[in-house]
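A, B, C, D, E and F label the chains in the order they appear, each numbered from 1.
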Amino acid sequence: MKSFIIKLFMALALTLTATSAMASSHEAPLTQQQQASDKNYESKSILTMVSDFLKTTGVVALANPDVPKNISKDKVAMYKFHQSWGRIIMFGIVFLLFWLAIAKGFEPLLLLPIAFGGLLANIPVADIAGPHGFLGVIYQAGLSNELFPIIIFMGVGAMTDFGPLLSNPKTALLGGAAQFGIFGTLVGAVALSQYTDIFNFTLQQSSAISIIGGADGPTSIFIATKLAPELLGAIAVASYSYMAMVPIIQPPIMKALTTDKERRIKMSTLRHVSRMEKLVFPVVVLMLAILFLPDSTPLIGAFMFGNFLKESGVVERLNDTLQNALINITTIFLGLGVGSKLEADKFLVPDTLGILVLGIVAFSVGTAAGVLMAKVMNLFPGTKVNPLIGSAGVSAVPMAARVSNKVGMEYDRTNMLLMHAMGPNVAGVIGSAVAAGVLISIFK
Amino acid sequence: MKSFIIKLFMALALTLTATSAMASSHEAPLTQQQQASDKNYESKSILTMVSDFLKTTGVVALANPDVPKNISKDKVAMYKFHQSWGRIIMFGIVFLLFWLAIAKGFEPLLLLPIAFGGLLANIPVADIAGPHGFLGVIYQAGLSNELFPIIIFMGVGAMTDFGPLLSNPKTALLGGAAQFGIFGTLVGAVALSQYTDIFNFTLQQSSAISIIGGADGPTSIFIATKLAPELLGAIAVASYSYMAMVPIIQPPIMKALTTDKERRIKMSTLRHVSRMEKLVFPVVVLMLAILFLPDSTPLIGAFMFGNFLKESGVVERLNDTLQNALINITTIFLGLGVGSKLEADKFLVPDTLGILVLGIVAFSVGTAAGVLMAKVMNLFPGTKVNPLIGSAGVSAVPMAARVSNKVGMEYDRTNMLLMHAMGPNVAGVIGSAVAAGVLISIFK
Amino acid sequence: MKSFIIKLFMALALTLTATSAMASSHEAPLTQQQQASDKNYESKSILTMVSDFLKTTGVVALANPDVPKNISKDKVAMYKFHQSWGRIIMFGIVFLLFWLAIAKGFEPLLLLPIAFGGLLANIPVADIAGPHGFLGVIYQAGLSNELFPIIIFMGVGAMTDFGPLLSNPKTALLGGAAQFGIFGTLVGAVALSQYTDIFNFTLQQSSAISIIGGADGPTSIFIATKLAPELLGAIAVASYSYMAMVPIIQPPIMKALTTDKERRIKMSTLRHVSRMEKLVFPVVVLMLAILFLPDSTPLIGAFMFGNFLKESGVVERLNDTLQNALINITTIFLGLGVGSKLEADKFLVPDTLGILVLGIVAFSVGTAAGVLMAKVMNLFPGTKVNPLIGSAGVSAVPMAARVSNKVGMEYDRTNMLLMHAMGPNVAGVIGSAVAAGVLISIFK
Amino acid sequence: METNLVVEGLKFMVLGMGIVFAFLGVLILVMNVMSKLIHKYFPEPDPTQAPVVVKGGEDKKKVVAAIFAAIMEDKKSQL
Amino acid sequence: METNLVVEGLKFMVLGMGIVFAFLGVLILVMNVMSKLIHKYFPEPDPTQAPVVVKGGEDKKKVVAAIFAAIMEDKKSQL
Amino acid sequence: METNLVVEGLKFMVLGMGIVFAFLGVLILVMNVMSKLIHKYFPEPDPTQAPVVVKGGEDKKKVVAAIFAAIMEDKKSQL
């Protein structure tokens, strides 16, 4: 083996020396290039080098950030805060998100990549979220053009079973009512902006924020990128955090709005749904969206594409890839790309607090509206609906449905609401996409 | 848990309020931005809003499409037709493709994504196939630069076994003869253009259309993108549809051109092919392509790359990914991207009818040429070839080979032609790539 | 079925004929377009066509390459050499790499795609590595922006177990010492440039070359792309080749620098490392990198992102995709993209010989430094370290650790050094990333 | 003349919730019609078994794999 | 005045190796401290079995899921 | 002077089919030569079993890996 390597080197040496002999004229420009390049390089003493190096450490950059000259004088304090304490606070927030994701199991699939992206985005000197850093490259490649949330929607569509909704169509109304969280919060955001001096959300920004109430991560990211990209980080973090906190946020609201008797309502077994129904359904929804609200079709179309591939039953390998490799890869990059918007100077602004507060309001209002809608439906004749499944109308598939089930079983251990709650749950996804379409349509 | 959330909010509130206090100067421009942004927003009465909304519905857009001012007067009727009935007809065609793919099992892996892409591309108002829609983004990312068909070729290469061809090399001639479908159709297309007033295909367009006769989806897409991107949608749909209809199109032609005796010819068992032969083969083919037809090397190179990775036996994980995750992901996006070219104003033109007719002619001529070539080969001394495997020379791996096998067994249940037909089948892929290279070379 | 097709055609014919009737005005421009297009096409006799075709074959292009007019007279010989014999020599080198990868098992996962990319890049006429060829597209998409090596780093991070390092932290010093190979070679490269007339590496180029001593493929590619993209091909090939030749290069050096007694030193069993330690570790390393060397954080951050996802234990599906589909896909494209830089006129220059020689020097110096560091550590009181694990400090995970184990067992069959060597092995990855950060920081 | 944004927001709400409910209302109608049509014109041969047949092949594979895994598991612990 | 590049290279070496060792030295310190803190404040219940339990849990889940699937399969075919 | 495109198309056909057949003809020759050379200089030890061995190798690796994993698992729990 050794002899082989020696021979290899000798052969290469021969070839390349021959080349080299021919290359006398070829080298001149290289040398020039070198001189040009080295001209920029200035010799320094080793002490200067060490001190120069120390200046580029993160410690120095955090303790004493350089202020560019184009920052006006009255903003220097703010700028310095964002570059030093701001970054450190963001590290703390990121660690909090790590803890929520790992120890508390809050939507780790997206919160972990988002939080790690946020950690990387707040590193001084390296500018990883800048246009040439890899987070910036990822953001440009798939978030600025809204491609990643669309792909996620395809994957989620492939994972969704519309069977429960098809077997009990009227529960779709619950998924509609929950969208009240979106529009109620829109009014709230606008009111906050008009009547306080702290917040000044535009109508577009208010709309983007209110979508948090849709409890649908990719929809929130899609709309935020379209209407208010400057708020993307805060909206995405709020959206996924609250989706993750569904088991904490929803039960008190659900219990407050229902009577003990209502919570014990039993629902009849769901009828069997044929394969043909499931196959036709995604196309039917898409056709309705085309006829009535074409602006919602990018979202609904992507979702129904994934669902249709699954239900067709003839492209199992595409379905499998959609549900696994493709959605996982996209999730990693979507998370990192969203995280790149958690830079201190973008996240640590008063707006973020507003977004967090409005987000939880949106979520709660949506939950309440879903429950109340069920109670309204029970005023009409016909089979009764357990209002606990109304809260599942916010989306957050399948967690919200599980919460309905769990709360139901607290009052009657034999009352399995899970599949009944899946109906409003998936209707909530459609409802949010419709609401998103309305907002897109208004601001087009 | 609840107390934790309260504390979290209070901490965030404190931080952000502090920030906010420092931010008085920071907010001024935000407010200005808001005003600027809101200036564009004009208050409307709720009735106006509803009526404005109704104008943006798909129903209105389909029933009464807006005509832009830059459309010249004599084209208004055509434009209106494409925007209204045109879209509806396209929906119908898309449903037909769904039916073919799902109920008839016609190449669903590509027809389903293509058809769904076509459905999305024909949605009014949303402009999903436009430069900012996600279909447009996908098209730009991987079709306009011809990357996706190349990746598909890599994956197909990794799935291909050249063993049957290596054990009976002369069957490669059958894969050559079938390319007559390509060039014969080229003449036909040109003749149609010259002698009728309906069609006016240029030489480039005729060449792109004729490649349908190669019965090779990615090659068709590659060439169409290069020579006639305006015809991509129709060519891709025709190509995959006819590949899928191989079991219907080929048998009558095969039977018409052979005698009963010929159909019963038995072929000797294939010899064993060593691993080394399979390993060297892809490199040998590529070297030949380099020496004689470098313009075919993007296609042949990508194909042989995949095959070489597989046969090397040392990169099993790459081979596995090529054959699964990567080709599946690319198939989804390739299909959607191709579908984006099924917009009514591009597809519902007389040219499409010409392409469909010429495509089936190309296919049939290729099939016939393969069969006839086998008969010619049998005129020479040596072991006889069953002409039924000639039809497999068109490519359409492995369906065409299966058709040969099936037709053969109709006449002699003990006559297994499958592996014998795989030889011309894979040779047909090489032959089509060579033919594609010739066309690229001519028009460069 | 047949009747269905006939009906389909008739329906389409009707629709399209109707369209056609309306399209009289629509066709005029098409015809014009055709004429314009065909005007460029000049009729030739079949003999001219054949002779024109023969001129575009690879044989002619290799035997008698065209020389563009903008090549100055004194460079014509060189240019011709690169276009003819140069390409042929590159084919030979590529076959050599195939042989090393397949027959000798040298890092086939990257050498095979790189070599095949090199083969494709050296094809005349087709220009596959040019801006419109698919290799060029791949290079632009993921190498020019350094995204692919970063993704590889994420995947490798997800595959790495820091347990052995955590259970014996001081072995990290061995991974530090091995970086001496990098900086020693930097001096060597600069000296070669200053004191010989053959080589004229700039400081940037010297730094990029010296990283080969880090025995870390993605780091080499990352740095080469940043500091000396013109040398990328040679550096990547050298880096992966030498990583692959670890079992040949290292043992003689290890044996020469150790006494028989040292080689028999037994190391105590590693302590158990808790899950929490493994979870916190990647974040701790990243925080240190942020504080002391932010310029290393793109590399260390990506690596620790992958590791953190794995150790979190809550995102198993992302971890699985990172370690499989995503890293495999990226490996294929990274290899092809790097291969696109193996064009003869870039690779067959004297510099390449220098890079190959300097690379092996770097590797050997790193190995030696690791072994010697272990001997230095043994001068201090405390448990003794077997110097054979010092060589593992160069990275080349896990091959270098396996070599330590194998050499150790040559002298004492009961001496299992594998897990002990994994400590310096993974520390070597961190060490190389730090060294890379220093070089980036210097040239920023 | 200044725009009262809150009023605008309220208008959005009316319009938005109206459209959401209209959409889902129509969807409910269509679902009901669709189900009836499908049950009439495309009845499943034996509605309860059809999906079993389709999926059955795959599920059985999974079961086999699962049993195999279980056995392996058992064997492992006996090693 | 010309720069002696070799001297520059040597300076790089001193700086670079200094930083590499400083970084890894600090890392060793931090690892030791971290391990102590973690063993003190987050002791594993039974350090040798914890990871086994984690993996076991998953495997068991799979087995349970498999058995469940098998039962469901059975039920479906009885319907 | 106008170009007769049909004549052009026919020329393409002659050129194209000529090249396709020439290419495949050369390929057939090369395949035959290659096979002879390979059988002479790289004969497979036992041609009918070789591929089995190759695949077997992988499977064996898996089995070995499984056994190894099981043992490691066992060891861990004994630590």
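Note that in this section contacts are C-beta pairs under 8 Å (C-beta built on N, C-alpha and C of every residue); 3 or more make two chains touch, one makes a residue touch a chain.
Every value quoted in this text rests on a predicted model; they were computed, and no experiment measured them.
S.K.: More than half of B-D's contact pairs recur, by residue number, in one of C-E, A-D or C-F. Which one?
M.R.: Selected from C-E, A-D or C-F as the counterpart of B-D: C-F.
S.K.: Please indicate which chain is farthest from subunit B, where distance is taken between mean Cα coordinates of the chains.
M.R.: Greatest centre separation from subunit B goes to chain E.
S.K.: Could you work out how far the Cα centre of subunit B sits from that of subunit F, in whole Å?
M.R.: Inter-chain centre distance comes to 25 Å.
S.K.: From the C-alpha centre of subunit A to that of subunit C, how far is it in Å?
M.R.: 32
S.K.: Measuring from the mean C-alpha position of subunit A to the mean C-alpha position of subunit E, what distance in angstrom results?
M.R.: It comes to 26 Å between the two C-alpha centres.
S.K.: Where does subunit C touch two or more other chains at once, residue-wise?
M.R.: Each of 38, 41, 49, 53, 193, 203, 272, 289, 292-293, 313, 325, 438, 442 in subunit C touches at least two other chains.
S.K.: Identify all positions of subunit E at which a residue touches two or more other chains, and write them in rising order.
M.R.: 4-5, 8, 15, 19, 48, 51, in rising order.
S.K.: In the complex, go through subunit F and note every residue touching subunit C.
M.R.: Checking each residue of subunit F against subunit C gives 3-5, 7-8, 11, 14-15, 18-19, 79.
S.K.: Inside the complex, what are the residues of subunit B that reach subunit F?
M.R.: 165-166, 169-170, 172-173, 175-176, 179-180, 182-184, 186-187, 189-191, 193-194, 203, 206-207, 272, 274-277, 280-281, 284-285, 288-289, 292-293, 313, 316, 427, 430-431, 434-435, 438-439, 442
S.K.: Using the touch rule from the top, collect the residues of subunit A that touch subunit B in their complex.
M.R.: 74-75, 77-78, 81, 86, 89, 93, 96, 145-147, 150, 154, 193, 198, 200-205, 245, 248, 279, 283, 286-287, 289-295, 297-298, 301-302, 305, 308-309, 312-315, 317-318, 320-322, 325-326, 348-350, 352-353, 356, 438, 441-444
S.K.: Hey, which residues of subunit A end up touching subunit E in the complex?
M.R.: 38, 41, 43-44, 46, 49-50, 53
S.K.: For subunit B, which residues are in contact with subunit A within the complex?
M.R.: 1-2, 5, 8-9, 12-13, 15-17, 19-20, 22-23, 25-27, 30-31, 33-34, 37-38, 41, 49, 53, 56-59, 61-62, 91, 95, 98, 101-102, 105, 108-109, 112-113, 116, 119-120, 123-126, 128, 132-134, 137-138, 324-325, 328-329, 331-332, 336
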